[in-house]
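A, B and C are the chain letters, set down in written order, and residue numbers restart from 1 in every chain.
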Amino acid sequence: MEVLSLLGSGFGTVFQPLNLFLIFLGSILGTLFGALPGLGPINGVAILLPICYTLGLPVESSLILLAGIYYGAEFGGRISSILLNVPGDAGAVFTTLDGYPLAQKGLAGPALALSGVSSFIGGTIAIIGLTFFAPILASFAIDFGPSEYFVLMIFAFATVSALMGASPVKSLVGVAIGWIIGIVGVDSTTGVMRFSFGEAELYDGFEFLTVIVGFFAVSEIMLMLEHHSSENFEMPKITRIYVTMKEILYCKWTILRSSVIGFVVGVLPGTGASIASAVSYTLEQKLVDKEGTFGTGDMRGLAAPESANNACAGGALIPMLTLGVPGSATTAVLLGALMLYNINPGPMLFVDQPVLVWGLIASMYVGNIMLLVINFPLVRVFTKILQVPYWLLVPSVIVLAFVGVYSVNASTFSLGMATMLGILGYFLRKLHYPMAPVILGFVLCEIMEDNLRRAFAISGGEINIFFGSAINLTLWGMTLAIFCVPMLSKFIAKKYSLGKKIASK
Amino acid sequence: MNKKLQFVTSMLAVVALSSALNAFEPKKPVCLAPAKPGGGFDLTCRLVTNSMMAAKLLDKPMIVSFMPGGVGAVAYNHVIGQRANDPEMIVAASTGSALNIAQGKFGNHDENSVKWLAGLGADYGAVIVKADAKWNTLAEMLADLKANPKNFALGSGGSIGSQDWFKAALIAKAAGIDPKEMKYVAFEGGGEALTALLGGHIQIYPGDIAEFSGQYESGKYKVLAILSEDRLPGKFSNLPTAKEQGFDVVWTIWRGFYLAPNVTEEQYNFWVAKIQELVKTPEFAKERDLRGLFPFTKIGKEYDTFVKAEVAKFRTMAKEAGLTK
Amino acid sequence: MIDRLFGVFLLLLGLFFIWGGTSLEVPFSYDPLGPKFFPIAAGGLLSLLSLFVIAKPKKIVFPELNTIVKTGLIVLLLFIYQLTFQPLGFILATAILVFFMSRIFKGTSLQALGSAIGVSVVVYLIFGIALDVPLPHGIILDALLGAS
């Protein structure tokens, strides 16, 4: 099989000493970023990206490191969730529901170990899926013309607004703000400047790195001040650090189901780990929680979100690598990394950059095993690191982030921009506007606008072009389905509970 | 005449060099690429830094630093505004920079705001279609385009007013169509446009031949014409020019350098002499071929005159196309 | 209240983009939408949504005054950092930033001083020297070194 030989060559890239070291480094740093309260995969990738760039690492090595941080953070997010009841990021919220009660029962060690195993299985299933599905999707990605890309964007934003968060209004505001930030700079179709106020620094729009650092490093630090002042954690004792086979087998179907769900949710553009873990947790609760033990320290309630969010990380790479469309906010940052290296992600990535693509995929197999292996002995170390003093951590993070921003174009203008965007980010987050739509809006805005206008340029203003091809019709169908499924499931749930009530009478 | 000029300039260079040797010598020579790493300006800088190093022409290694933004606008403003006296730095420029200057996209600064040093390599436009396209010559394609301008989309990697668009506009003109009436699709870089060509979303890709050379052997595309004065050497020698097919369309993408506006005559001459020495070395020719660039050498005053003529030409073209008033 | 105020800010931002969009002029365009459409659409969406926020604001718990002042101080420090980065040079500007940041996050003077020296020097050695990032030396160091 061609896929296997390509994967083999990918392993050839991975087993170079530098890359092996970077996987190791990425796994450890990722786990750390995931574990530190308030920092998650996006912050990790955002802070490390400028450093990779200034280090002058080759692109495949950078991406291997950054991807390591990405899935490492999904892995590490569980540590603070289980031990401190503080989710490292939005994707880890569901991990706290059963993880923390388990820790309170004195089962912190087994809970950590079980979540490690579920994360490993979820991650591995997703990578296998990525290995085999991505080339298939890539093979007909060439048929994606401007109109198809535009409809795909419609689908992506439909998923964002239909599935995202408690407040759809605030999610959509996030999208609109992302668009507005994305619009600034030269219009790539007509060459006219938009909202750049004569500042040469803004001709190309906001630098991706500046936006990411502003939204995720600067605003994070402003928010940390509050965590910090209300911080007084009691660390539960860790006794047994392994998990028994019996406990794993008890959760096996939950893990497998959640892995598949996480993967599928990850592939959908516009979603992310938070949705994957929410969907899998809710589903498992409906399917297996007959005694109502979910939420009181049920191992299955811990396994479900953990396998799902790791599987999601793998799935989200598929649209990014094949179509150049990120499936989640974190993959949007990875996509930004590619663009920083002047690589245009898109249909030809698999053809033009086989070393990059297959090196990355192979590195994820290795990284997952590494994570599993290092996590057992290092659990105690990680819990120690949770206690790094903020007075050292915070200034270091901000200085590293700012050096990265400065190094892109050696201009202090970007530093000021990052601070301004940090203020905006602070208010957005403080007022419960979800940030993922903002980043997706910012990254996808250009793809959406350019392709809409390209499609019109090709069709000469005819709107039919958006309904012409089989791909377009499929995408419209999926968009419709995204809106209908929640309504339908609500309807069914209502009927079901009604039926139950009648039966109980 | 030309020989004479060369003699004079090289004599001048020798004089300048000898005086420069005991006067100006950069301590930390820098090539400023006004873009992100990996792009055309990076390539331009590497051409000089690598061959300078290989030929051992500078005592200190020359490093490449980057300043992306507005196709060079940020760097142009930065050099004029903040580093006007810096003699250690050469800055990469290209046809695209001249076009932007001509359209006033570099702010208040024009082509007289910096000191033009040398042009060291060139790429040429090319008309590229899919391998299974029905056309085999430029004439066939242009005839079809003329008959049904609305049936064929031209797509390339730049916005209206960019060098990619100008190539498309010149092709449209050659077919006898107003550039405003053609179907033009602006992509994000040549790679995206090529993909769209392969997917059948556009039909004609006016690209650059050196940039395309990686794909040339893939057999997926067909080159209808090269937009150079004469046939190109090497593997492209069997590709006909537009000129020999009877269409006077020539598009050169030259790559060169400028210096900060307030460098002294002595410092300017130092660099001129260095470059003159450089282009004679085999290392330079090797590095140039490695980057797929074609010979194009204009140094010192000759380059300065050339760039100013280019900008003037582009100014007229932009006005004709209705881009500027 | 703060939610509503921010809603007003969003409304103004949206209106600004609508206004800015309508005033964009291009000689010609190959698509019927042109560069105006998206700014107007995004601005329109934002101002429309902001009306919902203004109409139905949520109660937001803001931290105590002390923390707010400190948050403001962080912002101020970062702007000072931007302004001092070139003239003071990387090491000095960074040391000042790190010292005060460290103090804000409850480091003792000694801890803050240690972080300030440690972070600025280590980062300068790694990025400025080893990786050749052109970090500015600042006027003082330049004068001392006598660099041109």
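General remarks:
Rule of thumb we're sticking to: a residue touches a chain if its C-beta (ideal position, glycine included) is under 8 Å from a C-beta of that chain, and two chains touch if they have at least 3 such contacts.
This structure is a prediction, so every number in the text was calculated from the model and none was measured.
Using the average of C-alpha coordinates as each chain's centre, A ends up farthest from subunit B.
Note on interfaces A-B and A-C: more C-beta pairs are in contact across A-C. Taking each chain's centre as the average of its CA atoms, subunit B and subunit C sit 37 Å apart. Distance between subunit A and subunit B, defined via averaged C-alpha coordinates, is recorded as 40 Å. The distance from the centre of subunit A to the centre of subunit C, each centre being the mean of the chain's C-alpha atoms, comes to 24 Å. In subunit A, the residues that reach two or more other chains under the touch definition are 187, 189-190, 410, 454, 457.
With touch defined as above, residues shared between interfaces to two or more other chains in subunit C number as follows: 26, 29-30, 134. Contact with two or more other chains is made by residues 65, 160, 183-186 of subunit B. On subunit C, the positions that touch subunit B within their shared complex are 26-30, 132, 134, 147-148.
Interface residues of subunit C, counted against subunit A in their complex, comprise 2-3, 6, 10, 13-14, 17, 20, 24-26, 29-35, 37-39, 42-43, 45-46, 49-50, 52-53, 58, 60, 62-63, 66-67, 70-71, 74-75, 78-79, 81-83, 85-86, 94, 97-98, 101-107, 111-112, 115-116, 119-120, 123, 127, 131, 133-135.
Within the complex formed with subunit C, the subunit A residues making contact are 54-56, 169-170, 172-173, 175-177, 179-180, 183, 187, 189-190, 192, 194-195, 218, 221-222, 224-226, 228-229, 389-392, 394-396, 398-400, 402-403, 406-407, 410, 412, 415-416, 418-419, 422-423, 426-427, 430-432, 445, 449, 452-454, 456-457, 461.
If you check the complex, the residues on subunit B that touch subunit C are 27, 63, 65, 160, 180, 183-186, 321-323.
Residues 142-146, 186-191, 198, 200-201, 203-204, 207, 340-344, 346-348, 352, 408-411, 450, 454, 457-458, 460 of subunit A are the ones that touch subunit B when the two sit in their complex.
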